[in-house]
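By written order: A, B, C and D. Residues from 1 in each chain.
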Amino acid sequence: MASLSVKLFGRTLRNPVMNASGTLGYGEEIEPLWGVETLGAYVTKGLSLKPHHGNPVPRVWEERRGLINSIGLQNIGVDRFFNEHFAFFKEKKTPIIVNFFGFTEDEYVACAERIKPDKLIVALEMNLSCPNVKRGGISFGKDPDMVHQIVKLVKAVTPIPLIAKLTPEVKNIREIAQAAFEAGVDGFTLLNTIPSMVVDVEKRSIPIRGGLSGPALRPVALKAVYEISSSLPLPVLGAGGIMNSNDALSFIMAGACAVQVGTATFIDPYTIPKIIKGLGEYLERCRCPRITGIVGAVHG
Amino acid sequence: MASLSVKLFGRTLRNPVMNASGTLGYGEEIEPLWGVETLGAYVTKGLSLKPHHGNPVPRVWEERRGLINSIGLQNIGVDRFFNEHFAFFKEKKTPIIVNFFGFTEDEYVACAERIKPDKLIVALEMNLSCPNVKRGGISFGKDPDMVHQIVKLVKAVTPIPLIAKLTPEVKNIREIAQAAFEAGVDGFTLLNTIPSMVVDVEKRSIPIRGGLSGPALRPVALKAVYEISSSLPLPVLGAGGIMNSNDALSFIMAGACAVQVGTATFIDPYTIPKIIKGLGEYLERCRCPRITGIVGAVHG
Amino acid sequence: MDDIEAKVLSNDQIAPGYFLLKAKLPKPMDPATPGQFVMVKVSDSEVFLRRPFSIYDYNRGILSVMYKVVGKGTASMSTTRKGSTVSVLCPLGQGFTIQDREAYVVVAGGIGIAGVHALAKRLGRKTSLFFGCTGKTELPLIGDLTPFDPHVATLDGSAGFRGNVVQLLSKHLETLKEKDFEVFACGPENMLRSLKKLLEKQRVPCQASFEERMACGLGLCFGCVKKTVDEEDPYKRVCKEGPVFDLWQVCL
Amino acid sequence: MDDIEAKVLSNDQIAPGYFLLKAKLPKPMDPATPGQFVMVKVSDSEVFLRRPFSIYDYNRGILSVMYKVVGKGTASMSTTRKGSTVSVLCPLGQGFTIQDREAYVVVAGGIGIAGVHALAKRLGRKTSLFFGCTGKTELPLIGDLTPFDPHVATLDGSAGFRGNVVQLLSKHLETLKEKDFEVFACGPENMLRSLKKLLEKQRVPCQASFEERMACGLGLCFGCVKKTVDEEDPYKRVCKEGPVFDLWQVCL
């Protein structure tokens, strides 16, 4: 039986498949269908220092082969997450990656500080798509200097490995990654949603402005994964329109040591278990002893 | 009968629907199915000072609901275009927009200089997605200063209205548009394709790296059209995944005074005539006397 | 809860623009309470997300869904043929909670009848049913609930009371005043809003089923929220904490 | 040229992995020459672009396409049912040009037979047909060309000559040497490459049909090019200037 396990920041994950942040609730919600212990690691919903109520509806909109969301980062706050939900993952011995965000540098730092190291916490994943309210609302992730600065500040307050989750809406993603790298980041998640909007032709209105996810994002995310993983010596987690094991394989071969599945779970809630199964079958089929053997397979 | 005609740079176009550059050959190719005089204006294939042979195959690849191309800007050069093809548009009295590009500032300028004003030439459309070989190959369109500079230089050598065609792979498209605006540009075309790539899981290879077009691009392009048209007093031409008249209407209501259709023509070569018909029917249905009445309808 | 490939037995138009889809589940659905819903996968390349529908009826392995064609998903559902398969994720959400009362009042507006059909049958006698719609062409939506001989209101006055269902209900509230009764409602948001106004004075206990655009239907995405009076977590998920809420908890 | 909604009359498997699709065109197709092709719209949500196929045969309003299942488009085509409709954009490209010669040689590799079928029928007598394939299971591809009693080569030697079709042809060239003859070929690129080598010395006139991935099939996108010896415009469009090219013009 081929091995799907991968090492990430010295921890061994049973497989390279995770949920994408914000697409598997707080974890318990999927229990009626399958358990979080199925995952290589559970990625938390985006957490912040203080709870956030999020945006009014509509928060989700269907695009041809894509989804536009403006959830507005609703979450119960980092403290309540650990008080109310962490025990669940302990009990299930499921490693987690804590996705977090802020609207100021201080919020990022303070939030990261609250998270105490634990053998189940594989890493912190910082969502850099958030607007920096002190800088006219431009996303932290768009400016190399802001990225460098925020990574440095957060690294200074936590011993937990730090993953930077980047936004596609940048001039040159290599430059952003480089800035994070020089500031000491430990890995990357690529990509977050693409800012987009919808026009309702009948109502002549804009029903939603939000982030585009799903298949539409895939070729763009794939390119980002390839570029960053082939240019920097850090682990890359791939996300963006992964709908099946073939898509997952393409990200892994492009250089992702693990993949995250989001939108696909909404169409078929069993997508993640199916992908894990499919990866195993692929390895058997091409007599490949372990998944780590094909990470970055297309790199020159 | 409602009116579809729109004014662009003082010229009257019979309708607001054009082909997107590079997706209708040199114009004659579509004749067996319908004539270029059907178009509001014909947008030329990207032209350059000297002919370009383009890239080896594969040049096109299918993505779920999208197309990835790396044609490599094959073209016969600006002089041959005017010697061999311009007469065709004269004879058909079809206004044209001349799309052009270069790999250095000099090439852009020299190419623009060759194009003599003519009552059929509505505008020059400069493709800013090209790599600036003198600046490490970063696209002109990604850097506000480069954009400002190149627009200024080109405006200085031609009296013909100048449209800047922008790339989505930027940090902040408003900032890019602003730079072009300050340099004296006359309008915008939004958007060009998104850089992306494909992995062949069986062959473990990268069959193609190229620009993603089609429906996947639509919500992103729509947002760009809305943002630029609502913040700058210049005409905007919308392009990106327009597949039917509903899509066209959403771009027009978002602020586009005209739309360009590319990839859709490959799936159904009659898409453009169908869209023109559909726009007319929409106006009739909602008793709107003219298409210009709904341009920017969703603007606050 | 499970994702089940069901076989379509019938999909008939019961009134102009309204359909009743019956599907046979190969395995029994987990016990469902009235007011719960399902997520239906529409087999159409242009429809990406599943669509939520109330469990109109479920028995002996046969699931029924009554729906109105409002957009591309329901339009393409309406073309589903007998014999084809649909995958349904079910049962989802929190349904109505039933306490023993002297009387029950069920209020439905238009297709909202689909959300209370199973409930009314469960409540049985002691139930008075109020149904409002635009005109008499929609009366077939009452279907097998006629035994309740429902009080009908039509906006165009083509049948029963001319006006909306809440106005009609207000006339009957008198007769119920003394009793310990509860109201159960499902319908358009503006109906629920005026219902709330009507019941405000006595603060009659009332459970209502709400709708919102959904992506997952499982509580995963937080896309389908309703604002409630809860200070700490105002936004509740219609698909998880709902679709049935205590009317007095919801901000309308 | 036109985009025509055709009605599928049959779509039978003629050999393992090979199908012959026959469709009735409601209106006649514009006059087509052998070697031209059509773009077929595959009705499958996962298939975005049309797919190019040679006109295997066209007469009395019935278009035939012979195809091999190689990927998702052809796989889903193979499930097309009798009675369903397919839209075909046709006829496209430049076919073979026929001059009067003392003899004709037609060389086909595998599914390449589809590209020369109509041609062989047009050339009639004076034609010797060479067909190469992997094994005898593919012999049915010869279909109604058996009257030409083709020289057959199979890679596994399960029928006719063991080896590839170009090796087989080389044995027969002697007999043709004196004559004024022309070669017409369609098949995988490596077959055309070795054919070119074989014919190089005498530079026998040869027209060959080429394949390339296509987006539009109309010459609009410049996506399907082949490199030729033309210095000024080396890249020619397979769908517009081709698919048939003078073998001596193409860089292989």
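What we mean here is this: a residue touches a chain if its C-beta (ideal position, glycine included) is under 8 Å from a C-beta of that chain, and two chains touch if they have at least 3 such contacts.
On a predicted model such as this, the values are computed, not experimentally measured, just so you know.
In terms of the stated touch criterion, subunit C and subunit D have no partners in common. Greatest centre-to-centre distance from subunit B is found for C, with centres as Cα means. A separation of 48 Å divides the Cα centre of subunit A from that of subunit D.
Annotation: 36 Å between the Cα-based centres of subunit A and subunit C. Contacts with at least two other chains are made by residues 63-66 of subunit A.
Shared interface positions of subunit D, defined as residues touching 2 or more other chains, are 46.
For subunit B in complex with subunit A, the residues that touch the partner chain are 63-66, 68, 138, 142-143, 169-172, 194-199, 201, 204-206, 209, 212, 215-220, 222-223, 226, 246, 249-251, 253-254, 282, 294, 297-298. Interface residues of subunit A, counted against subunit C in their complex, comprise 22-25, 29-30, 32-33, 45, 51, 53-54, 56-67, 69, 71, 74, 76, 214, 263, 265-270.
Considering their complex, residues 1-3, 41, 46-50, 89, 212-216, 218-227, 232-235, 240 of subunit C touch subunit A.
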